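Before anything else, here is the set of structures, which you'll find just below.
Two complexes follow with chain A in common, the first pairing it with chain B and the second with chain C.
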Partner chain A sequence: MNDILELKNISKHYGKTKVLENINIKIKNNEFFTILGSSGSGKSTIIRMIGGFAKPTNGEIIFEHNNINEIPIFKRPFNTVFQDYALFPNMNVFNNVGFGLKIKNINKNLIKDKVLEVLSIVGLENFSNRMPQELSGGQQQRVALARAIICEPKVILLDEPLGALDAELRKQMQLFLKEIQKKIKITFIFITHDQEEAIFLSDRIAVLYNHKFEQVGSPKELYYSPQSTYMAKFFGECNLFKCQVVETYNELVTLNSEFGKFKTKTNKELQIGDEVIYGIRPEEISLTNNENENSLELKVKEIDFKGSTSTLNLLSKNSNTNIKLQNISSNISKSLSENSVVYIKFNENTGNIFLK
Partner chain B sequence: MTKLENFTKYIMAILTGLIVAALYAPIVMTIFFSFYKSRKGKVNWDSFSYEPYTKLIFEKQILESLLNSLYVGGVTVICSVIIGFYFANYYHTSRGKMKELLQFIIFLPFLLPPIITGLSLLIFFREINLPRSLNTVVIGHTIFVLAIVFKIILNKLETLKPSLMESAYDLGASKIQAFWYVLLPNIKLSLIIAGLLAFTISLDETLITLFLIGNDTTWPIKLWAKMRVGFSKQVNASVTLILILTSFLVLLIATIISRSEKRIMY
Partner chain C sequence: MKLISDYFRTSIWTVISFILVIFLILIPLASFLSYSFFTVDGLDINHEFSLDNYKEFFIDEIYINTFVRTIFLALVVMSSCILLGYPVAYFLARYAGRYKYVILLMLIIPLFMSYIIKIYMMRSILGYSGLINKVLKMMGLIEKPLEFFLWNQNSVIITLVIILLPLIIIPTFTSLDKIPKNIIEASFDLGCKPFQAFRYVIFPIGFPGLVVGGIFVFILALGDFVTPQLVGGTSGFTYGKIIYSNFGMAFNWPFGAALASILLFVSVIIISLTNYLTKKLKA
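Moving on, here comes the complex of A and B:
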């Protein structure tokens, strides 16, 4: 896929307040790209700059190899779906959806055909005479999307469009958005603070933290190969503990932790004596029957029974630091009790090493 | 429903009726006495006549003053609504500190005693050699009513989501198209209300008018002058006509608004 949009060294300051610092990203054609961040992290500011509602303090916005910093909103080939839908209250659904074509002086019959076609895509063909205030939140959302689609933009910007919907409707709309993006093949840039929503919808996700992108990648990359301890904790749970490098051999390293020594693979260049943090997901750790070369001996602190599987909280022998294991078959965990001694094993190909 | 509740309901209904009657009685009386004569508090029921209305047509001074008032009121409405909208929109969209100063300047003539506003304008017009006329009255009235018009329009603008205009631009509308198709239809009611209020205040205004009018006269000043030398039936008749005219205008506007809300663009 070709790149369609690029943000190059973008910074945004409001007076002395720094909102974004040195943002760099390339967005591919037809991808569902999500910007994920907590409230106030500046994610809406990025979308507002792309849409032309705000100007970057520094940097360039490049669309199909052209700098569009100075192009006014109404000339940019993007359309926005706003968080509050922003439907025109003085127009019915038909006129709302047809607005973008009407102001381009397109033939009325053509507008009518196009509006009805787009309304059928979003499943609202029988609602064309309704006023926005007569529609539910989900329906209003579909009208807002139809209004954006009809202009055939190169990119659709979605500024937390599902934020105002209840949980059930939100799930329905997520599915709807995912399907419609595949159907119409337009690049979607989506904003959310919800990790699950981002994972479900996106081809790629950019996580915004501390005014810049902490990591950009596919949902799987972000989950299984986090590049920082923040990222490791951001998606799901992760056991993080301090270690020291005691041996290196090609890409294999031996780490010494308070739980004991273990081997793991890494592509980072490490020296003996380096202090690092090792992170591993609770479901990536397995129990082993007996002590062997790469196993660690721990004692059970807590067993959380969840039906067919259980979650274990284990303690190291010499300290109070605990480690969590998930999806352990309850067949195995039922034979364990508090303070039982167990052996765990880290697969060499799992887990991540973070430099301190 | 208990007896006490019934009793309270009737008492409330009677009280409401009395309040409405007290509010509207003077207006009804004015209309009534434009048709009937009375002497020493007694109505002469045989005296029904259209004469005050027919005479009014020949009462050139009252008619002229009425037309002057309508001219002043009409032009004041146009000027104040245009300027009021412009300032309110600037105040609403601007982030600068000057906007607070602007609001203060707009409100000052309305908050000052009208005699001060009238006198200041009189001195100003004399200094710039602008002769007093109906146009100087229009300027005075516009400055006076601007605060009300500005506030009504600003209140409406503040209820609109900022994303409304943004989405119009986003869909390719120029500033003029966004104003015409999105902003104007959504604030038209407040513009009409502001205009009606401006018209009413202008029609009623006497103090500033007295300072700025020159050789012409407006309707309230003429009525006031006439009442000093005795009450004539033509005064009642002209009040009744104005009442009918304004009621008709309000009804017309209400009908237009309710129809336009259902209108489809294509």
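Moving on, here comes the complex of A and C:
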């Protein structure tokens, strides 16, 4: 896949306030690209700079190999779906959707055909005479999307489009967005603060933290191979604890922790004596029946019964660090009680090592 | 279930509001209308039904002529107010940033001033030895004072425009200021050049405010009689002044009431027509 859009060393400052610092990404053609960050992290600013509503303080926005920093909004081949829809209150659904074509002086009959076609894509073919005020939030959202799609932009920018919808509708619209994007084959740059939403929708996700991208990659890459402790805790839970490297053998290292020694694989260059942080997700840890070479001994602190499965909260022998296990069959956990001793095992292929 | 006392309370307020409307608006209007069907006999009012007053309005050319001329004058005042006020409201709403409410307040302050004082002020600016003539003379542009803007229609128009200008600016500003920023951004996003954004989005959405202001100015200019009295001279008299003189000087209340009823009737028609057209334009 070819790159369609590139942000090169983009920085944005408002006066003395630094919003973004050295943002670099390449967005591929036809991908569903999500920028994920908490509110106030500057994710909207990125999309506004791409759309032309804001200018970067430094850096270049490159579209199909051309710098578009100075191209005005109305000449950029992008369209935006705004957070609160921004439908024109003085026009009905038909005119809202057809607006982009009308401005380009396209033949009226052609506009009519296109509008009806796009309205049927978003499932609103019977609503063309309604005014925006007469539609529900989800319907307004569809109109806003139709209004962007009809212009056949190279990129559609979606600025937290589902933020104002209730949970149920949000789920529906997520599914709808994913299907539409596959159907019309246009690059989507999507903004959200919702991790689950990002994982569900995206081909790739860029996580914005502390003015820059902490990590960019597919949802699976971000989940299974986080590059920092922040990323490890970002999607779901992760047990993080300090270790010391005691032995290295090719890509197999032995780490010493409060829980004891264990082996794991890594592609990082480590020296004996290095202090590192080891991270493993609660569902990647398994209980073993008895003590063996690679198992660790812990005692139970808490058992959270959740029906068919339970969550275990374990403590190291000297009671300083705890570790969490999820999705333990309740069949097993019911034989345990507080302070009973258990043995756990980390699979050598899971878990991540972070340098301090 | 609603409590009985709730019903009682609601109905009391409904009754009070109806009483207010009936006593303060409908009854005076009705008595006013009934007066227009009476005649005068010397200094007495003859309380018999007659259409003479209305006949006189249509027979004597001077009334219809003045009426038409006054409508025309009100239209000129309204158009001038729109031409001057709209750009002010527009720039205030879109570009004045955080100072916009301060500037707006400064525009509203003249409304707190007495209307009469403002007219006298205009007289002292427009007069023979007024500010404008003095300045022009000092600059050597004219030798004797210009009469173009005193004691005629022009001075009435200028004075009314200046007095009524805030009434256009305020509602227009309010409706333009309410337009969410992202709606304007959306228009650019969909390919509008700045003028197109104005033509298709900003102007239509802000239009109702302009209509309200326009109606205010038109109706007030149409019925005004103090301005023509004080700056209009002999050629600058208006329909409002004729009504005023029938009540105040000729003591012909029935005829004055008839003239006023005609004005009211025409005003109501104009307002309804504008409303209708605005709604039609929106659909």
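Just so we're on the same page, the second predicted complex is superposed on the first by the 356 of 356 C-alpha atoms of A that agree within 3 Å, B and C clash if a C-alpha of one lies under 4 Å from a C-alpha of the other, contacts with A are read in each partner's own complex, and residues count from 1 in each chain.
Here is the rule we go by: a contact is a pair of C-beta atoms (placed from the backbone, for glycine too) under 8 Å apart; a residue touches a chain by one contact, two chains touch by 3 or more.
Keep in mind it's a predicted model, so treat the numbers as computed, not measured.
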item	value
Fit or clash between chain C and chain B when superposed on chain A	clash
Touched partner set for A:288, first chain B, second chain C, both or neither	neither
Of chain B and chain C, the chain that contacts the larger number of chain A residues	B
Partner chain in contact with A:94 - chain B first, chain C second, else both or neither	first
Partner chain in contact with A:108 - chain B first, chain C second, else both or neither	first
Partner chain(s) touched by A:254 [first = chain B, second = chain C, both, neither]	neither
Footprint overlap on chain A, where chain B in one structure and chain C in the other make contact	51-53, 72-74, 78-80, 82-84, 86, 88-90, 99-100, 102-104, 147, 151
Residue ranges of chain B in contact with chain A within the complex	161, 163-164, 166-174, 177, 181-182, 185-186, 261, 264-266
Interfacial residue positions of chain A with respect to chain C in the complex	51-53, 72-74, 78-80, 82-84, 86-90, 99-100, 102-104, 147, 151
Residues of chain A touching chain B in the complex	51-53, 72-75, 78-80, 82-84, 86, 88-92, 94-95, 98-100, 102-104, 108, 111-112, 129, 147, 151
Partner chain A, residues of chain C touching it in the complex	180, 182-183, 185-193, 196, 200-201, 204-205, 282
